[in-house]
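So that we are looking at the same thing, I have put the structure below in structure tokens.
Order of writing sets the labels: A, B, C and D. Residues in every chain begin at 1.
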Amino acid sequence: MKEIVINPITRLEGHGKIIIVLDDEGNCKKAYLQIPEIRGFEKFAEGRHVEDMPQITSRICGVCPMAHHMASTKTLDDLFKVQPTSPAKKIREMVYNVFMLEDHALHVYFLGGPDFIVGPNAPKEQRNMLGVVAKVGKEVGLKVIEMRKNLRKTNELIAGRTIHPVFGVPGGVSRPISAQEAEEIKKLGDESVNFALFTLKVFKDIVLSNKEYVDLITSDAYTHKTYYMGLVDEKNRVNFYDGKLRVTSPSGKEFAKFDAHEYLEHIAEHVEPWTYVKFPFLKKVGWKGFVEGEDSGVMSVAPLARLNASDGMATPRAQEAYEEMFKTLGGKPVHYTLANHWARIVETIYAAERFRELAYDPEITDPNIRNLPTATPEAGIGVDEAPRGTLIHHYETDARGVVKKANLLVATQHNSARMALSVDKAARSLIKGGKVDDGMLNMVEMAFRAYDPCHACGTHTLPGSMPFMIDVYDENGTLIETVKRNLP
Amino acid sequence: MSGQFEPKIALFACNWCTYAALDLAGTSRMKYPPNFRVIRVMCSGRIDPQFVVEAFRDGADGVLVAGCHLGDCHYIEGNYKALRRMTLLRKMLENMGIEKERLRLEWISASEAARFVQIAREMVEQIKTLGPLAPRLQVNA
Amino acid sequence: MSEEPKVGVFVCHCGMNIAGTISVKEVVEYSKTLPHVVEAKEYLFMCSAPGQDLIKESVKKSGLNRVVVAACSPSMHEPTFRRAVEEAGLNQYLLEMVNIREQSSWVHSDEKQKATEQTKDLIRMAVAKASLLEPLEDLRFGVQPAALILGGGVAGLRASLDLAERGYRVHLVEELPTLGGRAARLGKLAHVDMRGPEMVGSLIKAVVSNPNVTAHVNSEVTGLDGSVGYFKANIRYKPRFVDAKCTLCGECFRVCPVEVPNEYEFGISKRRAIYLPFKEAYPPVAVIDSETCTRCGECVKVCEPHAIDLDETGHDQEAIAGGVILATGFSPYEPPEGEYGYGRSKRVLTLFQLERLLDEGGPTGGELILEGSTPRTLAFIMCVGSLGTTKNAHQYCSRMCCASALKNMLRIKDRYPETEIYAIYKDIRTYGRGDEKLYEGAAEHLVKFIMFDTPPTVNMRSEKLEVEVHDATLQEDLLIPVDAVVLAVGMSPSQSLPKVRNVVKVGCSPEGFLREAHLKLRPVEAPSDGIFFAGSVTSPKNVIESVMAGSASAAKAAALFGKEEVRIEPMIAQVTEEICSGCAICIAMCPYGAISRKQKGEKRVAEVDKALCKACGACVATCPSGAMQQAGFKDVQMMAQIAALTEKRGA
Amino acid sequence: MMDKPKIAMYWCASCGGCEEATVDIAERILDLVNVVDIVFWPVALDFKEKDVEKLPDGSIAASLINGGVRVTDHEHMVKILRRKSKIVVAYGACSAWGGIPGLCNLYAEREFLERAYHEVPTVDNPQRLTPQRSVTVEGVELTLPEVLPRLLPLNRVIDVDYYVPGCPPTADVTWRAVQILLSGNLPPKGSVIGASEKSLCDECPLNETKPDKVLIQDLKRPYEVIADPEKCLLTQGLLCLGPATRGGCGALCVKARMPCTGCFGPLDRVSDYGAKAASFIASILDFQDEEAIEKVIDRLPDPVGTFYRYTLASSSLGGKARRK
């Protein structure tokens, strides 16, 4: 039996590697995704001042710090039994959509995007942000960079910082928005919507017009019939900031709809001894191992899942894109992992439109941004939709607001079981006869990157695509072949 | 060293009261355990919590911070600053698993040699029962 | 100092004092192995001439640039070795002493090996610190040969006169409208056939007639800048409304419509809003109490010499001095209302009120008359406000009250032989010269002495008072009907002290009196250079002791004024402006107001006034960025000393 | 002349915020890639030593390493990187002092494994499994790196040449640091580069609002008060650690009306940030009597997490003392 180790496929909360086990014919027998790191946030949260949690937990992920900061801030609202003032709630939601927009854009153009915009089989040197710039033109490239920069500057202004924000306090936000700041923000809101629509156009022109890509998206290798979960508003439309959690089944029926406070009745985590990541699953279905289908509790989150779990989008242009996507891909639910890229663009449009709506809301400059808590803290639960899926924070404190217990369900984690499936399936269908080449590895990698797990980032943000190094061992564990890519 | 654990105690003494009290203990030929290592400062108000944690890191099993009695400071109020700093520091040390007996703050006037001797004996005994600190800090040695 | 440190270690045997306990050989050999140590020597008596020569030679021969001396306490011989180091051509502050006698050999003589180990540790720590020592220069300040004296009582007057007679300028500042202080309001004094006002009066005359003295009466020091050698004081003259043209004809007193209790007579008599505090007050000029004066102008109308100006506002005056003497005295213990019936019955009075009653210069011309009659039985309750007799009482003994009470008992017996007197005491302390005679005298005159453990109670039975006390000697309860009760109250720290301490930065003891640099060795000096104490500002004193302290403080001040400059140890705080962010945290840390923020570019940074810094280091321990450091006690130096607590391999 | 200098970036236990920060230099990246080769090097993680050994020593101009050393693989790898790099830069708070994940040094590693895999309410783990160093599944041995007893800052494992502070370093700080590294004339070893020499107050818009005497009567927690935006937060009783914290960020948090929590770490002359921060805060508490002092200090239930938020792992004690 041979074993192939791919280091690292990417990093989630740390680093990841894939072990591909070949049978005697050299076909993939099984592939494992390992996350070999842990940092112990749930533990060292204990003893901290609970109001520090929004800033502490944002350090779980520097790519989506706003998602943690916001989930944590909402947990504080719940814990201190205080609602944010209406202006504060709007400021929060606006900032949050700016963040979703900026983060999705990053992925669309520079992380996952290159696989499609430049093309999966394009030379690796081009499969990166510079490749994208070459393909769509320098001014577009710079426009993207500029856009992202302005969006992040805006959030720095309001939230204090973009990476690890500080503005979240129970009952509101720490800083109001001045009238002339609001003028700038409105302008940016307009630009954002144009930018988002432009992005959809690029995607259509380059991806959808290319049959090869569409086949790829719909290919069996990237298809899994699992449950889908996401936050929805009162009309079951996608919402990133707040709402109820809705779960739809592989056949597209509503399976559950619940308030975050009931998460313990619906979600459990499975533990494997060979990886540090835990595998959340639907409690009421149960853990049946790494298998798909109605009977397996394996679920999926993030853009495609959110769209699958919803009945539509709350803004007009996003709703159009939503309908178009499902129409093109054969109706809900869509089980093609790679459709996440498209779904992400639908969400990009929603984020931009929602951002503009709030930017133009007069209340956004109202100085009444805080309700001071009076209740004694006890326990709180908060939820939001990170770019990479549902985020749930749950704290218990003593009367002085010192954390006694914390539980954190991190976005990417909800996808870990399905990711393992994807990797396994991709490896099985792509690695045959012990033949391992670069393009094939990229396919395996794509299966993974589609989920945009935190830090797929790193590898694609700059020239040179993800470095690879594969050892093929024989049964005695001696190295018989080494495939290298992008190594000095 | 003998098998018996001999604690090492860093003693930060203010020049005007405690240091003088130590001298008085000497001139009056009093006896107390030889476990103290005196570090002289002009005033207990000069004692920086950094000194204390550094002392623990560098092998002290205990730290005794001593100055003039409250209201009797040579520099009017330096010992109040020591009091505030050490109160906060002791709380931090406890949260870091260092028993409060290991950091002691005492007011010992120039004439209170006998009182120092009694405190010294007491502290050495307490720390002997607590045992050495160093091995509990070398986690990644 | 960038050059490589070369440390010499010198270990003293002090005869057998050290060598008898500590194995000096072993210590010396060990010292040689320490980083930067190029030489380690021992000697029988390092402080002796040959011992010092040994150090000097080594410095010269082996080019030492740091010296560590392990011997006795620095309080003993640091000056000696600093001199030696200086004579060897090194900066005197490149010396570090290790105290292995008082703090090792003498206290650990029965644990020789452990004491030797301890000594090695201490030397290792000292060497680590010494290697980082830097040369320092003493601070030097010129001296103004003039004194600023606060308080015009006997102590302040005595100090003023002594200094003036030595030819030094004196600014004597008295807060009240008259000089003389408490002693000027005593009746007949003990042992001398003289009234308080007469005695003090003679002193006042001598002082005010001396051209070197400027007496600022009815004035306060409202600001004091600078430090030893050069103080700049702001003296605030309160309005008196009456000038020197006043002849004390008394017309104005007659017409003034306002009448209030006279505080100078402790409330036993009344005064007008325009008044003279007491007969012998100095200057002999009336004064108007602006609080109670209604500005009706009646006095102005009747004043022939036109001495009154109701629009006077007072003024400020500056005074320069090289040293300051605080002689602001004490305040009598004021019993809370109801303590021994005080404040409830006019027949319960304090010793100070009695003094006024018995003084022929007093309101009754010396007649002991209470509510129109002379009491026939009197109880003196002693130790009121002292020896912790009541919950408000001080723990200390006020020292003067026993003698003073006894003196007054004798005067009463002398004037009204029939009077029956009880002395109810916790303890009788007639320690002063000749005071024992007062006690014997009282006994001879059949004053009845009753000792108590639990303080007596004073009950008011209609007209009569009765004192209820358990006689600790006879072990029986007594009920004594009396016509009057005298409370022998003690001394409290002066009520004006908080005001004074706002201006002159000095500490006080737990009792609330000012704190000396050293109780026994420097009893009239403040811890801060150039500030001296006279009289009862530091503890209860009788007249004799106060006058002595006055002279003593004058002598100290004179010794200062005799120099043309003073040298101060340079262990003061210093700011590194390049890293000071001007966060201002240090400023509030300084008890002497030595730190301020100065403009540097468009920002501000901390600045230390060398003259005001007293080297406590509180700001250094606080400075959050390490920009503030103390010469000779820098963080790096302290940290090196601490880091050497245990031996580090390879270190 | 020859090829552009190589700059490697390696991450240990970090959140990725440091990489994001480098991305935030935005269009300046394009200038940068003209002068250097940026070799992102995540692959190094599980690289076998022998493979890295093949690289000539010192062949990497500079390695920017972020994240604290949490597992054996990190430890192993940074040691190799040290040999291969001319300059090693501890980039970001975690690498420089352990950062927020360093707070786990208040617990033994088994305690947080216990918490994560057995205790949390969502966990469904009937066989009480815990991730293992090595397990064999279907005949294949799967190994995981070992979790170290304590998270270590980079300089407790290898020799570090320079430090870039911040959680994360801001784009400007990063850009300044990179320029210093490229400039050729390098500051003394051990220097903190890209940030300020002074504490945050120096660049804080509210510094000049301080009274001359900064004394505080109470310690307030941020959720308890609405701060006056025109007044220094510290003087309002909010625990702003700006005075003890290196400047360079431009007082971002204060501008958002939140107190500085110290992510830029200590200044050059401070050896233990937490002890120093505690020292200055305790010193300015305007209380004399012991009970009052105890009382106001009890307003702060978690002084360690407050003063050592980013520097516990690099503090004198490094974390919690082990039980006997």
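Note that in this section contacts are C-beta pairs under 8 Å (C-beta built on N, C-alpha and C of every residue); 3 or more make two chains touch, one makes a residue touch a chain.
It should be emphasised that the depicted structure is a prediction, and the values quoted were computed from it without experimental measurement.
**Q** To get from chain A to chain B along touching chains, fewest steps?
**A** 2
**Q** Among the chains here, which has the CA centroid at the largest distance from chain C's centroid?
**A** Computed centres place A farthest from chain C.
**Q** Which interface, named by its two chains, has the most contact pairs?
**A** A-D
**Q** Could you grab the centroid distance between chain B and chain D? Build each centroid from C-alpha atoms only and quote it in angstrom.
**A** 32
**Q** Please work out the Cα centroid separation of chain A and chain C, and write it as a whole number of Å.
**A** 73
**Q** Between chain A and chain D, what is the gap in Å from one C-alpha centre to the other?
**A** 25
**Q** Pull out every residue in chain C that's touching 2 or more other chains.
**A** Answer for chain C, listing residues that touch two or more other chains: 589, 618, 621-622, 635, 639.
**Q** Two or more other chains touching the same residue: where does that happen in chain A?
**A** Only 47 qualify.
**Q** For chain D, jot down the residues that touch at least 2 other chains.
**A** Where chain D meets two or more other chains at a single residue, that happens at 106, 270-271, 276, 279, 283, 302, 304.
**Q** Given which chains touch which, is the overall layout a line, a ring, a star, complete, or other?
**A** Graph shape, chains as nodes and touching pairs as edges: none of the named types, so other.
**Q** Run through the chains and report each pair that touches.
**A** According to the stated criterion, the contacting chain pairs are A-D, B-C, B-D, C-D.
**Q** For a test of understanding, state which residues of chain B touch chain C in their complex under the given definition.
**A** 6, 8, 10, 16, 19-20, 22-23, 25-27, 29-43, 45-48, 50-51, 54-55, 58-60, 69-78, 81, 85
**Q** Show which residues of chain B lie in contact with chain D when the two form their complex.
**A** Its residues touching chain D are 48-50, 52-54, 56-57, 70, 77, 80-81, 83-85, 87-89, 91-92, 95-98, 131, 133, 135-137, 139-140.
**Q** Would you tell me which residues of chain D are touching chain B in their complex?
**A** Of all residues in chain D, those touching chain B are 106, 148-150, 152, 156, 270-272, 274-276, 278-279, 281-283, 285, 287-288, 290, 293-294, 297, 302-304, 307, 315-324.
**Q** Flag every residue of chain C that touches chain B in the complex, lowest number first.
**A** Its residues touching chain B are 73-75, 99, 101-104, 106-111, 114-115, 117-118, 121-122, 125, 505-510, 515, 527, 571, 589, 591, 614-618, 620-622, 630, 633, 635, 638-639, 641-646.
**Q** Using the touch definition from the top, list the residues of chain A that touch chain D in their complex.
**A** 1, 3, 5, 7-8, 10-11, 14-15, 17, 19, 21, 29-30, 32, 34, 36-44, 46-49, 51-52, 55-56, 59-63, 65, 76, 80, 106, 142, 145-146, 148-149, 152, 156, 158-164, 166-167, 169-171, 174-175, 263-264, 267-276, 278, 280-281, 283, 287, 370, 372-373, 394, 400-402, 407, 409, 454-455, 457-459, 461-464, 466-469, 487-488
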